[in-house]
Structures are given as structure tokens and as C-alpha cells.
Amino acid sequence: MTTPQFKQLRRSYGFDEVALVPGDVTINPDQTNPDFKIEDHTFSIPILASAMDAVVDVDFAILMSKMGGLAVLHLEGVQTRYENPAEVLAEIAGASNDKVTALLQKIYSAPIKENLIGDRVRAIKKGGGVCAASVVPTNTKKFAPLVVEAGGDILVVQSTVTTARHISKSLRGLIFPELIETLSIPVVVGNCVSYGACLDLMRTGVHGVLIGVGPGAACTSREVLGMGVPQITATIDCAAAREQYFKESGRYVPIVTDGGFRKGGDVCKALAAGADAVMIGSVFAQAKEAPGHGYHWGMSHPHPALPRGTRIKVGTTAPLEQILFGPTSVTNGSQNLVGAIRTAMGFCGASTIREMQQAEMVIAPSITTEGKSWQMAQQ
Amino acid sequence: MTTPQFKQLRRSYGFDEVALVPGDVTINPDQTNPDFKIEDHTFSIPILASAMDAVVDVDFAILMSKMGGLAVLHLEGVQTRYENPAEVLAEIAGASNDKVTALLQKIYSAPIKENLIGDRVRAIKKGGGVCAASVVPTNTKKFAPLVVEAGGDILVVQSTVTTARHISKSLRGLIFPELIETLSIPVVVGNCVSYGACLDLMRTGVHGVLIGVGPGAACTSREVLGMGVPQITATIDCAAAREQYFKESGRYVPIVTDGGFRKGGDVCKALAAGADAVMIGSVFAQAKEAPGHGYHWGMSHPHPALPRGTRIKVGTTAPLEQILFGPTSVTNGSQNLVGAIRTAMGFCGASTIREMQQAEMVIAPSITTEGKSWQMAQQ
Amino acid sequence: MTTPQFKQLRRSYGFDEVALVPGDVTINPDQTNPDFKIEDHTFSIPILASAMDAVVDVDFAILMSKMGGLAVLHLEGVQTRYENPAEVLAEIAGASNDKVTALLQKIYSAPIKENLIGDRVRAIKKGGGVCAASVVPTNTKKFAPLVVEAGGDILVVQSTVTTARHISKSLRGLIFPELIETLSIPVVVGNCVSYGACLDLMRTGVHGVLIGVGPGAACTSREVLGMGVPQITATIDCAAAREQYFKESGRYVPIVTDGGFRKGGDVCKALAAGADAVMIGSVFAQAKEAPGHGYHWGMSHPHPALPRGTRIKVGTTAPLEQILFGPTSVTNGSQNLVGAIRTAMGFCGASTIREMQQAEMVIAPSITTEGKSWQMAQQ
Amino acid sequence: MTTPQFKQLRRSYGFDEVALVPGDVTINPDQTNPDFKIEDHTFSIPILASAMDAVVDVDFAILMSKMGGLAVLHLEGVQTRYENPAEVLAEIAGASNDKVTALLQKIYSAPIKENLIGDRVRAIKKGGGVCAASVVPTNTKKFAPLVVEAGGDILVVQSTVTTARHISKSLRGLIFPELIETLSIPVVVGNCVSYGACLDLMRTGVHGVLIGVGPGAACTSREVLGMGVPQITATIDCAAAREQYFKESGRYVPIVTDGGFRKGGDVCKALAAGADAVMIGSVFAQAKEAPGHGYHWGMSHPHPALPRGTRIKVGTTAPLEQILFGPTSVTNGSQNLVGAIRTAMGFCGASTIREMQQAEMVIAPSITTEGKSWQMAQQ
């Protein structure tokens, strides 16, 4: 008896499962141009810093702008719940592993002080930074005007899963076309992972989409909810949505692969999978200038009833500039990310990110411990 | 020379190999309804407790009913072999690892006292619980009437593999249509894993089917017999049988994925694979109220000649209510299972389990240790 | 530019990658008949003991016959090089790991004493055993007549890879049709792993074929030569050859899957893949009666220039009878192999091995450590 | 909504994922001929030693020629930067793990002394060796004439990725057809991994192509750049290019699989995948005569800004002759590589490497630790 199909399962892929194939043409790395645009803002490197409390504070955002990238400040974390977030961050860093989830649940239950929203935005602008600030969909109608008023440049509306069509019996939900019409600044929305959800979001008029739900194999959204699409597949699928939307509207909406990056190679693969830029968390939490004191935690970790995530010790390895541009004596790919992007672009014969999106990739065996101690690169 | 095909092998999948894809529409978790029906009984949560001695005794069954779920009492374990099963359970918990298989073989060779069958059923009913009790096929004709007589609500006929067509030269076997006709209560049968076997069982008139043989990669039925189908594939195939049977008969027979669950994500995946409910063992053996004292063992472990299974130490982690509904500070998915179901349903845009069965899943890389220490969820 | 195909690679499968699917019909285990035939010899269990010095000596061969199976004595190991092999076997067991390869190389360089061939065969016959004896192809013309003359029942011609068409510029090679014509006893030949090689061998008139080259993922033939086909695929392909040959000749030539078995489940899978019987080494080396003193080594391990294999400590676990028939308190599948075969046949609804060859199998995730500590069988 | 394909990913394979299938015909190993040609040079074994400082110096190159193979001297490593490279090599061997990358960066920043190029070439020729010397593309026009003038036999132009079409705005790049026309000796170029890039290179007139970018799963080019194709797939694809070029030009250009070899089995698989020869680094770094003192490092490890690779301790195991020809008591495949090639050729019925390229391979489960302790080869 043949079994009828109740459900088809597609194979999906993460960073560790693919590899870039060099091109038939190569190009000098110093002739590549990896820049990235959100509406009128052009960034010289295609890298964003995640809206996470262990990564971005006011000073880090200013520094990131100087480096040519963009940091996103989370407006519903410690920065807007506390006058002096540095104290609170030190307390988190000092907590023991078994107590930190409860501590985070407590810290993040403090109310948001609306006046601090404008203060943080103004501080970033005053420091010369481009200010991107993130809010969750439920609070967008309330907080977005405060961001604009204070001079914010880009609004990020972000939750674990955001769709253009959210059903709620409570208050009338967030309608993206309305939001965009009322705001004078670009709106980046996320996260999503599928063709349909990404295309829906683009059709609402947003100016960028964040890609990634439960990125990485060990994200606890995978454990707690069973949910998540590995980043290579998510990026490929959402890149298809971008192309489709570009064909039907003539408007090019960039996608930013968000989360799961551990090394330069992961970044290069995301771009080759179709990303216009990447959003990085834990690697930047290692920067000397990161507010997390060598620790990192997810923003859904503090959920009062169903916490997802773990605080991890990432350590402090180098200044942000060295992580981005080197030089380095570290050979594990965690430093000189931009050098890695340019070198990979050169090997793939790509002079722009748009060309890099066309690079060939193969599904390749994942890394094994045995191999690790025995293989090496040739010049 | 091309090799002719002697046999085709289909790829099958377990919980750790798949992941849910968020929907294009999302819904508020508090607007989801995860209820589950067996004939006239409606349960507010789609969760059953396994008919295993380390999980369900009379008190646990009553508690499980209060929580909105359903516990199944095993009528051929210690509960009906001993007047005072608590003593025996304490003895098992106290045994050393190298002696426990022999001890279990001895304990389970004591005869079943038929009078205890009625006693246990009545005790559950007296406590206000819905009483589901399980027997093996060979003893069904003898014990089923005792269950009905004592006021039992649901009969579960369960063995490792149960088919509608069992061949035996000895006594005339169990005929399900006859059984169902003579009984006044619903009959749930299992276990099976294939389209054909499940459809056969449904055609006999049973009111529910348990899915799962050797669930999980390390079940010792896999080692001892080489037998077992991973739960996602088993559920998908049996869901196809349910749809086929519904089409041909108009009768909707629920399927319950039984075994192999370690965390909320596994439960969400089983539902998305097509299950109407799940049956959980080891996670409930961790409940403060579980009779196993923090240990767990399979019911075919005590087989006198060919034991299959191991007693494992699961520990005691929390009251059943917290395991089911939270709140929790544990981030590994082992607590707040119902919260996880509702959140996942929300992300998939499913307002009922029937809609959740339509959620998209992908085959996704399994969890690696390396990844575990480096990934994290974003809000 | 599309890449033309220089070479196609087929996916192959080993024991740990597949699982049996229960049938739509089940049968009582005690109504199954797992017998196995080589020409006029019928064995009540489909199990052979490997022609390896750590497994089979005269006494073990006699015992194996009493149990209903068949042991094969290696005529080119210590049994025919030494008057008193027990002494030599004790010396091997006593050697340290770093010296044992060199010791084996020395021990196996002693000349074969032709008179011992007849002595060993006669001793097995005198003890009431069916005598199967193995030689390598190069020595077959010289030794086979000695086996027949001494009363041997079955000749096994075995090397790592044996084909019907071996090219050699030296002496005229072994021609199987000629050999078979001149001998009065059945000839079993091996090893091979592919459809073509197996079909070729059957067409020479042999009475059985051994399947398996480098079985198991870690066989050192895989490391040293890169050679080997996992046993499930090898068995499926050679079963196709058996069916083809049966169709064209009307003669049924059994195939015996040889090597790589660690537990009862592996045996059940080999039969479901199409084997008529299995040949077991290391699990039998664990028997109280095995000559290897709890150690095991391959017969190509002592190769003077290119040794392949390792001596492993398997330990001594139980008498052979218990390994074959139980009862047991061991739950890892290494004991009661025949009980496992009968139970699996019952679950698959197979009353004979020929029917068992039709059982369905799926490709199923391999065993993980994480899973191992958390899964368990249900009765 | 069906997801349109933005990008297709092909599955690729490495050494550990495939296995050779014995042929339907076998041949005596001593009747196989594994020789290998580059233009007029015939080598009796199809093995090259990598152009790496830990592997090849003048003496090693002479010895390799005596053994019948070919060593390639790196003209831009310590051999041409230092009058006395042995001192520098000893310093590298003596450095601690945390300081070695910085030390290598410093050592390799010393200028190349052009007079040493001729000196090293002449020393190899004087010792009776065939002299192959490697340069990077940028320095080829400057250094190649020095190699020829000093009597070098073969020029190797090698970088991580080399294409026939390199785009650079700086000086006019290296044009291979021009180079080949001006030189009187054969030119081998690499590395590449794809059909298109390999075919392009062959069409420029080169006399051999090196295959392999980031070979092995753990090569740090994979981590740092995300780049690399596993060697079996790279070899199969480039073998297709060789066949295509042979068809269109009548000229047979050999391909050499370069890197990632750990044992004899890997070498046999590369040949069966279509290689004409293999280039080995780390296994030769283990030779008593290797200049690396039991250490090994990649030639892109010392990159000043983006180092890729690690220095690994490989130890010193045996003289080169024993690694190549045995005899050995080591069973892990790291010694008697030529014996392994001949034995595998015999099992595959291949009398030449050209025939060995036709051997069948299967995708086979990778090696697991569990299996390792339990499997063994049969003679």
C-alpha cells in the first residue's frame, strides 16, 4: 500500500552546511565595494549590530556609525527602563548562571520610561551617529513618534515573528502601510523567514526586512517552540521575495540576515545566499566597547512565563575596529570580518554585494573534530 | 551494469530533524484553542500521560484530569499486581543500575490481581478524574469488562505493535469490531506507525489510535529488534490514514503521537506533523507528583527473556502544573508545554489543533554542541 | 556553465541508518520459522560464526552445530599453523596493544601444516558437528581436496574481495565451475558487495555467497584502502542478484551477510534487507566458549606489509547459548539474538526468512548520545 | 504559496563521505601500474609533496624524486627568504601555540632574496632530483625566468584560488598563454575546484592543474571566508573538465588533487574520483626527513591581516620510504600509501590510474566513534 502524502518536508540549510565556490573569474579584493543602502542612507560596510542590550548602547551605536556600519538600539531593554543602564548591565554580568534567568525576568519587568526614548536617540545623534532604534509591534504606534521627534533616522519594528497580517481580538493592531505613511523615516521590519511572509511585508511599503527566526541550530526557540528556519534557506527564500517584489514594483527592498553568525565565513555565505547585509550579535558582544561585559543574552530570554535563550559568556576579545577590519593574528574567522567579505568577493569575482548574491554555493559536509586537527589551508 | 532495485528505502524523520516555519499570518496566543476530543470527552489540552508505572498512578490520573488532560493507568503493571504499589515503586527507585533489570523482571512476574483493576478505576472516578485504563491485546477480553463495570471512561488497548490482523494459532485472537460492539466506552488502540496499519485499525471502528514504535533514535527496540519509525514520519503517515478514513467514513478518529518527547518544541512539531494530541512519559516522570521518584522505565523493560529499555534517572523538577502551564525560569523547553503550544500556534497562525496540523515544517540541521554555546534567540 | 557528470555517486546505507517498519499484519513469534538452507543442509537458525581465529575453533564449531547454526573454521589461521593453537591464542590475548600487530604478523607467518587441515576437520565431525572450513582462493586447489577427504561438509572460499573473474599473470587462477565440478560438497564463496560481482559468482555454480567488504563505518579497510560498502546496501544489491539468478536459472542461491553486526537489531535489518542468513564475528567472540579470551581481531590484520584491522577487547559476557537464545537481563541487544529475530519477524508478519526479506524498512536518524539518555521503549 | 528558487545548492562530498566499491573483475596488485605523467616527465608513483615549508626543502625534494614521486619547493617561503632556513624552521617548531601566528607573520614578512631562488633549484638538480618549484601568480613573471635559468624542470603557479581570468586595475596581470609560450618547461597551475575554472585554465595551455580550495571540512578558509569545495566533488568536476578539454583539443592535461589527505584510503578515493595524482602535505610532514620537525602549517597562515590556518603538531612517525612503501605495523592507513593504491587498484580491477578513475564509488556513512571500537576487517 503506497502512503499518500499528508505533508511534504523541504530540506533547509544553515551556515555550517554550505560553502562558497570560487568563481571562474577572480577580482582584486581592494577593487570590491561592499556597501549597503537603506533608502537614502548608504553604509560603507554591509553590517548591522543587533538590537540587543549586550551589544548596543549609545556609545556603541556612535562607534558603529564611524566604522561605516549601523547599530540598532533596543528601545524596550535596559536603555529605556533605567536612567543608568550601565549599573544594571554590570549586575547581569555579575550574576551566577543559575540565577541569571530569574534576575533578567525581574530587571526587564521594570516599566519603560518614555522620556528615556528621546534621550537615547538624541545622544546618538549628538555623537554623530546614524540612529536606528527598535520597538516591538505592539508598542510601535506609541513609541515611533517619539523616535522621529527626537531625530531618529531609521525605525526598526522587530519581534520574533512579525507578519503583515497579525490577528488579534484586542485593540486594532499595527497596520504597516498606515505607519509608513505617517512616519518621515525609513521602517525596517522583522523577523520573518519565508517567501510569503517576506513578500507580504514588502508589499506594505517597508524599507527593509530582517531575516531569521531561531537562527542557528541551538537557538532555544527551536527547543521551546520547535520553530526556526536555518539562515541559508531563510535568506535564499526571502531573496526570492525581494526579487519578485522588485519585478512587480520596481522598488528594491534590502534584506538583512539577522542572527546566528559566528565567523567571517558565515557572513560571506549569507551574502552569497542573497542577503544585502547582515546583523550581528554575539561576535560584537565580544568587542571591548560592547556594553555586555563579555556576556550576551537574547531579548526573549527575560520572558516572564516562557523564557527562551541562555546568557552565554563570550569574553572580550578585541576593539570593534579590529573585529571589523583587522589586522589580526586570530585564525578562527572571528576578526577582520570586512577583510573576509572583500577576500571572498574577490575569489567569487564579485565587485558588489549584488554580484556576490550570484556566487555559487554547495552543500558541504559540516565540520568534524577529527578533521579540525588535521586539515589546513594552502596559500 | 545497473543494479535492479530489490528494495526501496524511504527517508524518515524524528523530532530533532525538523523545525516549524512561522506562518504568513500570525495570531495572538491567547486566542488559540488547543482542545482535543475522544468521542464525547473533550480535553482542554491535547496532552495525555503515558500508561507507564513511573508516570501514572491513581493520584496522578486525578491531577491530570484537573489540569485538562488525560492520564492512562496501566492495568498490567505494579498498580494491579500489588496492593501497595508505592512500596514496590520505592524499591525500584532504590535499586542500583546493574541490578534493576533483574529486579524489574522479578517484580513484574507477580500475578495480576483482578480485584485491583476495579479498585484502581473506582479510585480515579471517586477523585473526580476521567479514567482511561490500558490493557494488552491478549488480556483485553478478560479485563475490559472489569474496566467498564467499575466505571472506566476510556479503554486503551496497547502493545509495542498492534494490528487489526494478528495471526495466532493459539486461542482465537482479539477482534476489534466485536470488542467495540460489546463495550459501552470508547476504545483507543496502539501502537502503530504506518499508513496501512493505522487505516486498518480505524476501519475496525476504534475511537483513537496511538502512534509510535521505538520512538526516538535510542529506544532499545531499535537496538534489540532493529524496529521503529521516527515520530515525525510516523505521525505524518498516520495522519494521512486518518484523512483517508475520514473521507471514506465521515468519522474523524484522532491520532495521538506517543513517546519520544523531551521538550515543548517536540510537542509542537508532532501537532504540526498531524497529531491531534501527544502522549508524554519521561517529561511527566519528572513531575513532583509522579510515582517514579525521579526514575523512569519502559513497560517492555521487564520482559523476562528479551528485555528492551533502560531505567533512567530523570530527576524531579517541578509540580505537574508548572510543567504544563509555567511560569518558569527554565529555558530548555521542558516546562510550560501548553504555553509553548499556544505560542507556536500563534506564530503559525493556527487557532485550532486542526489548523496547526497544516503548519509548514522544514527538515533542519540537528543540534550540535558547538552551536549550542554560541546561538541565542532574539525577541 | 553546467557541470557535466564525470561520475555518479549512489547513497549507501549501514545498519545504524535504517529501521524496520512493523507490518500491517503481525504474527506470534513462536509461529515463525527462521531456518536456513545450504543445499541439503538445513540449519534451524540463520546464523553462521565467522571464520576468524578469535571466534571459531573445533569445540566452538561443534557447539554451534548443536545450537542449530553453523561455524566456519579458518584453515589458514592458527588452527593449521600450530599443533597447539590454544597456546598461541593465549599469547595473543596477553600481548599489549602497541605490540600486538607485530606479534600477529609474526605468528601468522608460520607455515601451514597440511596434516592439521584434516585433523581439524575430523575433530569437528567426530564431535558431531557440521564442518564448514574456509580457505583463500589462491590455496583452494591445494587445500579443498584435503577438506573433502577428511569429511568436511561445506567449503568456504573467502578473501576480502573475491570475484569470478580474477586477472593474474602468474599461475592459472581458481576457476569456480571447475572447482565445483570436482568437489562433492557445497561451495560458499565471498566476499562481494555488488550486484554484478554477486551475479557473476552465482553463475559459476557456487552454493552460497558471502556479502560484505569493509562492513561497518570504521573498518580499517575503509581507512587503509578507502574501500567498503555499508551492509544494508550491499545486502539489498546482492539480494537483487540472487533474485535475478533465480529467475534465469531456477536455482536459489542463499546470500549470507557477513560482518559488522553488533546487536540483534542489526541481524533483523540484514534479513529484512534480503539476507538468507548472517555471519557473526565479534558478538560471538564475547562468548564464554570463544577461543579468543575476550579479544577479537580480523584475519587481514596480520598482513605483513599492509595490516588492516585492530585487535579489540570485547570481553567475555555469556555462554553462546545465552547469546543466541537468552534469557537475558541485558537490554542492549547483544543477547538472545534468535529471540530478537523471531520477535521482529512477528512484528513484521513474516513466518519465514523469505517473507522477512519483504519487510519494509525506512532510513532513520542514527543514534545520538543525547537521545540515548532520554528515550525508552513502551511495551 | 510555492517558493520560487533564488538559488540552487548542489550536494558536495569529501573523502570521509564516500567509499570505493570493489569491481566485478579483480587483478593482482603487483600487476597494477600507478604511474603519472606531466608532459615528458614520468613518475612511477602518482604522488606529489606539497609546496609547504614544513614538508619540502632541498633534501626532501631529492629524496622524493628517488622514491619515484615529485616534491614541489615553495619559492616564496623560508627557503628563499633566509640563507639558512633550517634555523628559522627550528624557531617555528619551538614557538608556543599562542605566539606562533604572530611569529609566522613576522618570519614571512622578510624579503625574498632572488639569488636564493637559483641556488635552491640548482641544489635539487645537483642532488639528482626533478625540480618543481612554485610561485604565486603576482610574482610569476619575475621569478619564473630564474627557475628556468637555474635548470628547474617544472613551474608551479599556485595561490588559494587561481583563474585564467583575474581582474585587477593595477599592473597588467599574468597571462598564462604568454607565460607558457615564453617558458621552455611545463607549467602546472592551481588551485581551482570547478568545471568552468578548470576548463578555462586548461584552455590557456597549462600542463597540469591542482585541485582543491579549502579541502577538508575544517580548513580555516572555510571558517574565515566560508569558501571551499570538498575534494571528492572538486575532483569529479575537474575530471569532467579534463575529459571535455581532451575531447576538444586532443591534449590530456592531468589533474592533481591537492590537500586534505590523511590516509591511504583518501588517496585511493581521489584517484577513483578522477585524479591523475595527489599532492600530500601533512602526512609527509610526519616523515623523519621533513623539514618541519613534526609540525605543519599552511602557507596562507602567515597572511599579515587575515591569517588562515593553524600550526598543528603532526609528530614524526617514520622515514618517507616507509610512509610510501611500507612495510608497516600501523593499521590506520597513514603508511604504505603506494601499497594501498596498488591493493585498491587490484580490488577495483584497474591496471592503470586511468582505469582506476572509472572505479565505482558510493556515498557511505561517515566514521563514528561507536563503530570504531567494534568493527573489523576480514581477510
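Labels A, B, C and D are assigned to the chains in the order they are written; within every chain, residues are numbered from 1.
Throughout what follows, contacts are C-beta pairs under 8 Å (C-beta built on N, C-alpha and C of every residue); 3 or more make two chains touch, one makes a residue touch a chain.
The shown structure was predicted, so the numbers you read here are calculated from the model rather than taken from an experiment.
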item	value
Chains touching both subunit A and subunit B	none
Residue-number overlap at the subunit C/subunit D interface, same or different (half cut)	different
Distance between chain centroids, defined by C-alpha means - subunit C, subunit D (Å)	39
Cα-centroid distance, subunit B relative to subunit D, in whole angstrom	55
Residues of subunit B whose C-beta touches two or more other chains	1, 13, 24, 194, 196, 366-367
Topology of the chain contact graph, where touching chains are joined (line, ring, star, complete, other)	ring
Residue ranges of subunit C in contact with subunit D within the complex	1, 3-7, 9-14, 16-17, 50, 52, 101-102, 105, 136, 158-170, 191-194, 196-197, 200, 212-230, 233, 258-260, 262, 281-282, 296-301, 303-310, 312, 366-367
Subunit C-touching residues of subunit D, taken from the complex the two chains share	13, 15, 18-28, 31, 194-196, 199, 232, 236-237, 239-240, 243-244, 263-269, 272-274, 326-333, 336, 339-340, 343-344, 347, 349, 360-368, 370-379
